[in-house]
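The structure is given below, and queries will be raised subsequently.
We call the chains A, B, C and D, going by the order they appear; numbering starts again at 1 in every chain.
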Amino acid sequence: MNSNQLFYGALGLAGAGAMGAGMVAAGGPGLAFGFCAYLTLGGAAVCIWEQSIVRSAFSLMGTFLGVAGLFVLLGSDFLAMAQILIYVGGILALLLFGVMLSPPDNNERSLARVGGTTVMIGAGVAFIVAQISGGVAGWLVADQLPEPNSQARAIGLAFLDPKQYVVAFELAAYLLTVALVAAVYIARRRRADFEPESEAQGGQS
Amino acid sequence: MLALMQNGGGALAQTPNEGTNFLHELLLWLPLPEWIPGWALILGAVGAGVGILVGLVSLIALWSVWMERKVSGHMQCRNGPMYAGGWHGWAQTIADGIKLFQKEDMIPIGADRALFVLSPAIVLASIFGALAALPLSYDWYFARMDLGIFTILAIGSTTTIGVIMAGWASNSKWSLYGAMREAAQVVAYEIPLGIALMVPLITLGTFSLLDASALQSGFFGMGWAIFQNPLCLPAFIIFWIAALAETKRAPFDLPEAESELVAGFLTEFSGIRWSFFFMEEYAAMFLMSAVGAVFFFGGFESPATYALRSAGMEGTIVFSLVCFVTLVLKAFTGVFLMMWLRWTLPRVRIDQVMTMGYKYLTPLALICVLGAAIWEAILHVVLN
Amino acid sequence: MTSPPQAEHKPSIRPADEARTLPSGEREFFMDVATSDLEVNMGPQHPATHGVMRVLLRTDGELVTGAQPHLGYLHRCAEKIGESVEWLQYLPYTDRYDYLSAMNNNLSYSLAVEALMPELEIPRRGTMIRMICAELNRIASHLVAFGTYGLDIGAFTPFFYAFREREWIQALFEKICGARLTYSYIRIGGVFNDTPPGWLQEVADFCDVFEEKWQEYYDLLIENHIFVQRTANVGVISEEMAYDFGLTGPMLRGSGVDFDLRRDMPYLEYGEAHDAGAFKVPIGTGEKGTVGDCWDRTQVRMVEMMESLGLVRWCLEQIEPGPVIGDVPRVIKVPPGEAYVGIENPRGELGHYMHSDGGKIATRCRVRAPSFVNLAVLEDLMPGTLLADSVAIIGSTDIVIGETDR
Amino acid sequence: MDFQAIADHLSVAQVPGLLSVELPRSPDKETKDKGRSGLPYLCVEPSRIVEFLTFCRDDDALGFEVLVDLTASDPSADDENLWILIQLLSVRHRQRLGIKCLLPKSALSMPSSTKVYRAAQWHERECMEMYGVTFEDHPDPRNMLLPDDWVGYPMRKDYEFPKEYHGISCE
């Protein structure tokens, strides 16, 4: 049994434990919470553990989706969907775009793998075990989930209301535009205007 | 799991006072023993919803594949499938499906097995999740969502991750090219897609697909957004181009560009895994067409629903059915349009795709939004 | 990465750290970000190589920075066989090099052998049937070129339309010689047999229908905006470059060179046909982009189909009853000597160099295959283009691997 | 110009390497000449081929822009010479020219024509693998059609077919 199997075994057990504990504590919503929390933390753990940097990046998808799920549970579905749209559909895709093209470098990542992950996973498992063994009384259990109400209208009004955040909103927009233009400028291929077109088509005869 | 979570979110989002999930209602209505807890009912509803979704996606794919073959066949002076099942080869896709199930499950030696196996699941789960947000009729829906369109776009965008995963896990250079193209293309076209959809959203003033449809019921069921605001037509064209790019359909089928990249991210896939990607593609086509139908072409509304409503049949099962059929017909008109374009146009080049997305579609979509906003302002503020 | 054993020599693949030319003509240099180029094998089994050819590509993202064609996957020793079998026995092998225009291959071989046999007289009817067959086959071949080029660019439907018309031509050939692809119909001394009754009328019917269909295809694909965007200004071959690489046929004419062996070095009755105004020679004009780009080459092929149609019609007018094959013995003995005859094949000049020492078997049978020569230009044309462009370039050379490898 | 005019023009210009002119001729019993059918060609000295081709290409009256074909021929196993055959084409003047170089089989080496016509590159590669001719200064002397580990020169008349190839019996 190698360390990888051990890790994924522990991860699976932790998932079952998290969902089971959630269900015992708060029924269906608890189960959903346990699942989302497990996705979030499990994705993060895999991200640290995995040697392959691309797998690490893919595991972030679990984290992002888990966070989105937590937002849903907290009754904020606009935020949840924004989270998925921006983080999974946009940022993660770009991240993968970059990471896929980078050469693998396993040595750098092994340190984090041995040290950080073990400590983190151990601490997490210990915490959960302690919590369960100490009884779930200490947990904060919401008796009812908040009602989901899309705050889209509220957010929109807040952004466009001169008395609230319209200045900040517009400033952020300008900042992002400037950042975008700057990024394009930096990433652009530099063109040198010297060296005339002599051997361009001539090739190697 | 993803679909479950999504649906769980949706089901949990039910509030007792308004518009609960009809599956949940059904389960509540059934004479079930008392000791079954409420959450089990919710889970049951979720399970049934997932079952219906899987069936729906399979049906859409089955029908669409057959339709694609017939459409392409007739456009190319062929008949397409004619034998399987008897009448015009209607059972061809079923036969193909059975064949695909029986095929050897191949994973290349150098492939990243875990990701290779996971990628079709992610792709399929994302389309399930997105389709779950699509109402099938005024009272047939999996989850009543105020943010329906936002949800569809968000969850639909996770397909990209599955495709990138497939491309990377295959450990083939052609697949990697496909994955890179997919990443670049989808990120580029999500922007004009979303912005173009803002035009009907401004016109109708809602994110909800149900509300959007209901708001287009005027003029004998023809008060469609495209007739309400002149900017909707250019916005629809932009939306449609972006939707083609999002669903990887020709002329934007660069991720799988079979004459350039062999089959792109699909190169190493075979059998049932490959068919999952195929199902996703057709389901996504249906979904995008349905979204276009709901936000530009009246959704469930048509003279037929108007007539039924005038006859006081609103709320009956017949009315629901007519709404459903209306939407499906509109959506499949869109699917047909996609097929028509695919079998007519050559493929564009990646730099042209990027140029079109960033340089033309996005600014044009922004102008459309601005115009739509001005139009609405004139209509409602100035003229009022 | 599969590294071929001969990986040490890569003259055409430029070093990665060098400056390179973008498709727009700009020179660009690398930033200090460390990146490495990706080497991809396009082929031997790849939809864009139209057969078993391998192009080793070095790519930087989508940008192709080096290309190296590797041939020989379909090498069937045609030339060696030509030195081992009798003169007439070799004829079926000629069908196999460019299997899309087997009539023209037969014709080239027959003409080369006939050049060594000064006494042999070819009857005029035989010549006319030869011309009809060669031109019909040219149309069929260009139809495939047009259809598969559409496939390369991503348009499926033109392919089926093209094959529908080609099917008709093949049916016509089937009636005349019994074969649909490898005809061996044009023989040393004439053609194998006379046309079946009514065949010439069927050819005339085909001409009438095809003329209408041709316009459809032109509008559907060649004038399509996306197609123009994909092919115009892509893979530009200048006139000098075309000469340097020895290009012939539509590749040369696409570069704006007004040269056609049928008109300028007439064989059969092409000279007479041209004087009668039966055909013109289309050349690339750079209408949509630059002279010598992929669009020009494709357009030249398209227009050539119509010109071939004119030739077929002229032949149908001229043809008269009579014998179709000259006095050829069953076992041919060719007088000693050597001759090179090149004719205008759909893909360029198909030349046969035949050397006889007076016996029943050729001493040397050399096939100058147009695809082989035209393919060499890839090494120069592909660096600096995008991956999709390189596919467009390979398609525009209209190669048949059976011919490059022989 | 017809062939005779081309030959005259070349000999007047005293182009380096031009050896003789071969025309078709009828059989002659007295000289035991079997005769020669087909097309005329020029015999050129192999070592001067680059200068010769350069002249043919650059001379205005000749203007052979295109090298159509370059190949070799092994007339018989007994013959001590290998022939290198070059076909030129002038697009401007609509004329062809056949050139033949005799290379002794003991020293199969001649300058590469690639510098004059790049079309020669692939033809020469084919010649090299098929006949074992060495073209000096060839930029890319790899096998063209044959596998890289092929033994022997298959188009030579004295070539013996291999008994096996990579463990595959050929008999």
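We take it that a contact is a pair of C-beta atoms (placed from the backbone, for glycine too) under 8 Å apart; a residue touches a chain by one contact, two chains touch by 3 or more.
The structure displayed is predicted, hence computed values, not measured ones.
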{"item": "Maximum centroid distance from chain A, chain identifier (CA atoms)", "value": "D"}
{"item": "Of C-D and B-C, whichever chain pair has more C-beta contact pairs", "value": "C-D"}
{"item": "Centre-of-Cα separation between chain D and chain B, whole angstrom", "value": "65"}
{"item": "Cα-centroid distance, chain A relative to chain C, in whole angstrom", "value": "56"}
{"item": "Gap in Å, rounded to a whole number, between the CA centres of chain D and chain C", "value": "24"}
{"item": "Whole-Å gap between the CA centroids of chain B and chain C", "value": "45"}
{"item": "Set of chain C residues in contact with two or more other chains", "value": "11-12"}
{"item": "Sequence positions of chain D contacting 2 or more other chains", "value": "118, 139"}
{"item": "Per-residue overlap in chain B, given as positions that touch at least 2 other chains", "value": "180"}
{"item": "Residue numbers on chain B that touch chain A, as the complex places them", "value": "1-2, 5, 8-9, 12-13, 15, 37-40, 42-43, 112, 114-115, 122, 145-147, 150-151, 153-155, 157-158, 160-161, 164-165, 168, 176, 179-180, 183-184, 186-187, 190, 207"}
{"item": "List of chain B residues in touch with chain C within their complex", "value": "72, 75-78, 173-174, 177, 180, 250-251, 253-254, 257-262, 342-352"}
{"item": "Chain C - residues contacting chain D, complex", "value": "4-6, 9, 11-12, 71-72, 75, 77, 79-80, 83, 115-118, 243-248, 252, 257, 259, 264-265, 334-342, 349, 351, 353-358, 363-364, 366, 368, 372-373, 375-376, 405-406"}
{"item": "Contact footprint of chain C on chain D as seen in their complex", "value": "24, 34-39, 41, 65-69, 71, 73-76, 85, 87, 89, 91, 94, 96, 98, 117-119, 121-123, 130, 139-149, 154-155"}
{"item": "Residues of chain A touching chain B in the complex", "value": "27-29, 31-32, 35-36, 39, 52, 54-55, 58, 61, 65, 69, 72-73, 77-78, 80-82, 84-85, 88-90, 92-94, 96-97, 100-101, 145, 147-150, 152"}
